[in-house]
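Following: one structure in structure tokens, then a few remarks.
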Amino acid sequence: MEGYLIAISISVLIYLLMASGLALQYGFTGLVNFGHVGFFAIGSYTSALLALKGVPIPVSLAAATALAALAAYPLGMVSLRLGGDYLAIVTLGFSEAVRMTLQTEEWLTRGMHGLPGIPRLFAGWVDPKMIDLCIFLLLLAVCAAVFLLIHHIIRSPFGRVIEAIRDNEVAVRALGKNPAQFKTRSLMIGAGIAGLAGGLQAHYLTFISPEQYVPLITFYIWIALVLGGVGSLRGVIIGTVLLVGFLEGSRFLRDIFTGVSEVQLASVRIWIIGMALICVVLYRPQGLFGKSSGKSARGSN
Amino acid sequence: MSLLKIANLSGGYGDVDIISGIDMDVGAKEIVTIAGTNGAGKSTLIKAAMGILPRISGTMVFDGIDLMKLQIEDRVRIGISYVPQVRNVFGTLTVLENLQVVEHAPAKAARIRDMFDLFPALAGRRGTYAENLSGGERQQLAFARALMSSPRLILLDEPSAALSPALTDQVFEEVKRLPQADVAVLMVEQRARQALAFSDRGYILDAGRIVLSDTGANLLANEEMGDVYIGRGQVQAAPQSPSSHI
Amino acid sequence: MDWISIANAVINGVVIGMLLALPALAITLVFGIARFPNAATGDYMTLGAYTTIASQMFLGGSIVTAVLGAMTMTAAVSLLMYFWVFRALAERSHVSRLIASIGVAFAVRSSITFFAGQDQYVVDLPLVRAWNFGGIRILPTDLYIVGAALVALLLVFCVMYLTPTGRRMRAIADSPELAAASGIRARRVMIFLWAVAGAFCGLGGALLGIKAVVLPELGWELLMPMFAGVILGGIGSPVGAVLGIVTFSIAQEVATLFVGPAYKVVLAFLILLCVLLMRPQGMFGRPIAAR
Amino acid sequence: AQGEPVFRLGALNSITGIGGPYGPYMLEAIKLAVSEVNAAGGAAGRKFQLFAEDDQTKPEAAVLAVKKLVEINKVEAVVGIWPSSVGLATMPITNDANVITMNTCGAPEMLTENKKGLAWMFQASNAIFGNAFAEVARRRGFKRPAVMAFNNSTFVGQANYFKNAWEANGGKVSAFVVYEPNQSSYRTELARVLATKPDVISLSAYRPDATIILKEWYQSGQDCKFIMPGWTANEDLVKALGKEATEGLISISNVAAEQHSAFKHFAGEFKKITKREPDIFAAQSYDMVITLALALEAAGAKADIAAINDKIRSVTGTGGTKANSFVEGRDILRKGQKVDYDGASSRLDFGKQGETVPDFGVFDIQDGKLVLKETIPGQLPA
Amino acid sequence: MALLSITDITARFGGFRALDSVSLEVGDGELVGLIGTNGAGKSTLFSVATGYIPAGSGSVVFQGEDITNVPVHQRVRRGLARTFQVPREFSHMTVFDNMMVAARDQRGEKLAALVFSRHAIRQEEERLAERVREVMAFLNLARVSDELAGKLSGGQKKLLEIGRLLMLEPKCILLDEPFAGVNPVLIEQLCDRIVELNKRGIAVLIIEHNLAELARIVPRLYAMDRGRVIASGTPDAVLADQGVREAYMGGVI
């Protein structure tokens, strides 16, 4: 039982890391990044390949973070010219390009065969039974650090500028600030976090293959973000927990719907997830726990 | 008998009342001006009359019809039209389309021709997307758009803002002529002195309440009000003979 | 590469592009007017394909009635979802509408699989051979597909640019409040929009079902190329959507000959990126005002 | 059923995702086998209690699903694992938890990663399959084969081994195309292959994409043969394409050795439930449960996982008395004899690393029916 | 020597010539007005001067340097700032934050500084907040300090626009109809403030249709019509110009 809970928690925390990166990019900077999974993939493969070559895991994770962040640099340049939905499709294309490359360049990535036998975090350091727990604790610490970092960033003058960019880029330029610079940095930080998440996941799963990095993962992160309420870190946490809750909790539907076949049950699961999405968006406009709009109502006299 | 009768109207965007306890009349063929400081609630009041304000209470009757029950579109149908202060044109439509798109316009083509006669600057730019218009051109278009549907009451939110003196005069002349065509006018103006001069009546709004209402002439004569709300006389009179006041 | 292969690849790209042009039109209309990328588009297509299969299986009748049935069905579902979901979200950020549409996509697809299962279906139509003009192959059924798409495009174009409805649509897209203050009844216009969008998806899905096989993920998998096409063409532009998706498809097919199937997606996206860097608003989009 | 000793069995199937056309039937087959075992009073007196999960054909979903099976349902074995990606991603977990797994994965890495010997491959590995394809092409006298494969590890592996095996004998492959899945047309990919004028195409595909490719091939009017895996080229494919377009396709699948009684029995029961012919994965899934049951029977009611696992090779290996069903095998075991279960999917002789090397049946599709032409022994590449 | 000199600027939109070789100068510390018919090209000229619209031909020289091809934000950093005719507030931020963003070269905008000089940043923030409060008090915005800027009234947004400009401490400011929609009482105060700013050495170029106020404060005036400068000089001279009277004031005496 605890093992399963820990596994789910690990899954939550990995999604959470990714979501926090996206929260910085979209929630606070307004960059519509639909290629988040691309950075995640870059992180995974970088760390996995390095570790398989014998590089110590902390080093490989650092490299994963750095490389994912670097990969975001050119996209930041592109985001200079492209707004909103146009950037969305370009980033989506980027993540697909990453996946195709991983899939095709067999000499490096073994292509579709994937990378088995990636060194596990903490392997050889602690009792195998405790590894998952340790990974969970590590992720918890990483998440906390990342949240603190983001919290600090968005409260700073830097955060104020990226928030302003989200609202009105033209006006930001009129204030003598170069939006491209801020956007690129925000994109790189978010991407780096996703890369780190990817690396950690690779060392947790020990097997990765290109099929894991499909755009659906990006959609999931977006869903988490919107469920919890865009623009608040607390919302990100709740959204992610809810998402994984929907995805995983629906496994236990079997105990409720005893009559239906397995195929139908799978349909019911997806149906419930779909309905939950619609209902949350419809009936909880600010996300379940987002920034309320009440702020404006007070104090006009 | 008054065309639009507002009684004890309160409302706002959130929980807080932006306007409260408003009583106001606009008679048929009357020009009524609302003035007041920035943020007093003038636009909010106009929006309430158009049905755009999210939350209102009180009564509003237009020509015997209870307005509180009507949708925005229906208010247009019974003869109310509106020029907002901001976002007053469809930016992604061309000048011509901005006029064509108005519903309830009898003899549309002829009416559009009239509008282009009235504002020749627009005629030359008929194919331009409205978002590319200059500030003044927009204002003209917005006014023309509101006239399209041959309304009986026209709500104008600062029609002269961004207009050159020549055009301001032209627009005001047009407003002055409206009662002859059986159109009543309720307008918000910052150039209140100019506006009150030809208004039948005026209201001064402050912090969401009506602090003074009287005929246009009487308001202009009220010194204290001038200092606090509508500025001293010479400022507004200036455009006609600018050099004398430097 | 010899020119015959290239010609065939181009023809193939045109056919696939035209097939996807129908749902792409639906996407661009909804995108331009209801202001969000509707992720349920793909699954409306799937619904169209399955409805075609179902009406063939249970009601018999000709393929034409089956396709018409599919169009009606998807239009109905599309309207239903408008009334329940998207109407209420009109004032909200387009990302929340996007997420809601993902929810709709899941709900529609899982409703299908609940009854039809995960296995594949095929539309019951005899196979015909292609006409062969000295190596260049043209399939009669493909001509129908292209024909249907062209007619649909013409229809949308006429409605958008020659009738008041199109103007009203664009006015609502621009500012719902001002549209209402101009006396436009948004309700009617939106009903028209969603019905047309649904019917187009249904038709596209049915045609796709005829051409390929019918699977639960049929439409969902095509979302990305369709969005890419729409964006390439310029959001909100019907002509752009069709030309965009056709260009995108041709690029993919021709690229298959040169860089292979895996990198064709990458290449197509590179083309997209290059076009966007030169014209950030897409091929036929209107430039965003400079001030 | 409380108090009665049970064996907790997990089924991890690809119900949704790309495995959708196969996974649900694999689960049906597993349920069928479980009910047969339980109807016979269980194995060593222990009844099978089944816990099913959907892995969505995705490794990361599979990880959570298998965690749930292991941690919450406390299963002792997991059967029905279909794609190699899921097999490879879940192996570390099942190994850690000491759980037996039985799969249909074809990736050779499954063998090297099977470090504890707890995993059993019921499907021939890609290498063996690729070899068999090449062997059939050679026997049929083809000169210019081309290769087309769905881009995933199984099929790319198959295609590569085909190419290697063919070229090892000095031949040349006229075209080698790996295509991206989930497309609505493969005409340009196909055109690239057909442009090289092959006399046969080794098509490693699943049914949906094979349906489209064959449709487009037929429409193109160009003449050539196809060699395809049995789970794709079967009655369902005929149903989808009609007799004319499928005439003469060569379909290869592993067959139960010598006589088909296990398969016949299974197919009959399976048809009663699902109204259709079982495919090879369903047959393999059925065999997984029966094999496990026999091993449990042989190891005894008190045996631990390791002891049961040890028996798997012995209840299927050569040298025992042949059995074709659980009851037959159990009765032989009860007599104190050694048993050799020959299953519905193959004769199931496991190699050192848990792999099977089945015999392959070569079928031609004639007038919409699969007709067995010959049987060739499977073999690893040289 | 002129602080800002615009020479022979031309700008086209498709076939439409919005600016037709316009030349204009603002001297160091000068206060200059710009009037013109609606659609004359005044706002377009501002956009060209600040880099939002590329100049078709001609040059923009600021502080002796040719900045015709310098990007917008760098022009602002050199001290050439503008307001927009249609306010461009950061609608989802509070009025206070709108003002805070505006201050230039904030230490805390650098990521590295966030980690290494947190104390300095805090001090800087306090200093800025003080200045923001001053400016807001002057513009009558203190009352709405915590409101989201998107919810301000039309006039308040114009004031905010000016407020942000004041935070920038530029050398030369281009004001695009700052008084449109602003209450007359406040206009007078704004005028005084503009004059005061100008006295401190900031050059101002101001587009305004409110001639009385404009003429009261500017010593020099340009008039534009249909993309050209048609007159320049003292307000009296310009407003007496026959062409200007016809084009701008509809011939009214």
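As written, the chain order gives the labels A, B, C, D and E, with residue 1 at the start of each chain.
Simple rule for what comes next: a residue touches a chain if its C-beta (ideal position, glycine included) is under 8 Å from a C-beta of that chain, and two chains touch if they have at least 3 such contacts.
Chain labels with UniProt names: A = Amino acid/amide ABC transporter membrane protein 2, HAAT family; B = Amino acid/amide ABC transporter ATP-binding protein 2, HAAT family; C = Amino acid/amide ABC transporter membrane protein 1, HAAT family; E = Amino acid/amide ABC transporter ATP-binding protein 1, HAAT family.
Since the model is a prediction, treat every value here as computed from it, not as a measurement.
Q: Going by average Cα coordinates, which chain is farthest removed from chain D?
A: B
Q: Select, from C-D and B-C, the pair of chains that is joined by more C-beta pairs in contact.
A: Spelling it out, more C-beta pairs touch across C-D than across the other pair.
Q: What is the distance in Å between the mean C-alpha positions of chain B and chain C?
A: 44
Q: Can you check how far apart chain A and chain C are, centre to centre, with Cα atoms defining each centre and the answer in Å?
A: It comes to 29 Å between the two C-alpha centres.
Q: Any idea how many Å lie between the Cα centroids of chain A and chain B?
A: 50
Q: Please report how many Å separate the Cα centroid of chain A from that of chain D, as a whole number.
A: Chain A and chain D have C-alpha centres separated by 36 Å.
Q: Where in chain D do residues touch two or more other chains at once?
A: Where chain D meets two or more other chains at a single residue, that happens at 15-16, 24, 151.
Q: Which chain E residues sit where two or more other chains touch them?
A: 43, 52, 84, 86, 143-144, 151
Q: Scan chain A for residues touching two or more other chains and write them down.
A: Touching at least two other chains: 103, 170, 263, 266, 269-270, 296, 298-301.
Q: Which of the residues in chain A end up touching chain E in this complex?
A: Within the complex, chain A touches chain E at residues 152-153, 156-158, 160-161, 163-164, 166-168, 170-179, 182, 185, 189, 295-296, 298-301.
Q: Which residues of chain C touch chain B in the complex?
A: 164, 167-168, 170-171, 173-175, 177-185, 286, 289
Q: Per the contact definition, I'd like the list of chain C residues that touch chain D in the complex.
A: 5, 8-9, 12-13, 15-16, 19, 113, 117-120, 122, 126-130, 132, 137, 139, 208, 211-213, 215-218, 221-222, 253-254, 256-257, 260-262, 264-265
Q: Under the touch definition given earlier, write down the residues of chain E that touch chain B in their complex.
A: Listed in rising order, the residues are 13, 16, 35-44, 85-86, 140, 143-144, 151-157, 159, 177, 180-188, 209-213, 215-216, 235-236, 239-240, 247-250, 252-253.
Q: Within the complex, which stretch of chain B touches chain C?
A: Per the stated touch rule, the residues are 50, 52, 71-73, 76-77, 81-82, 84, 87-93, 97, 100-104, 129, 131-132, 145, 149.
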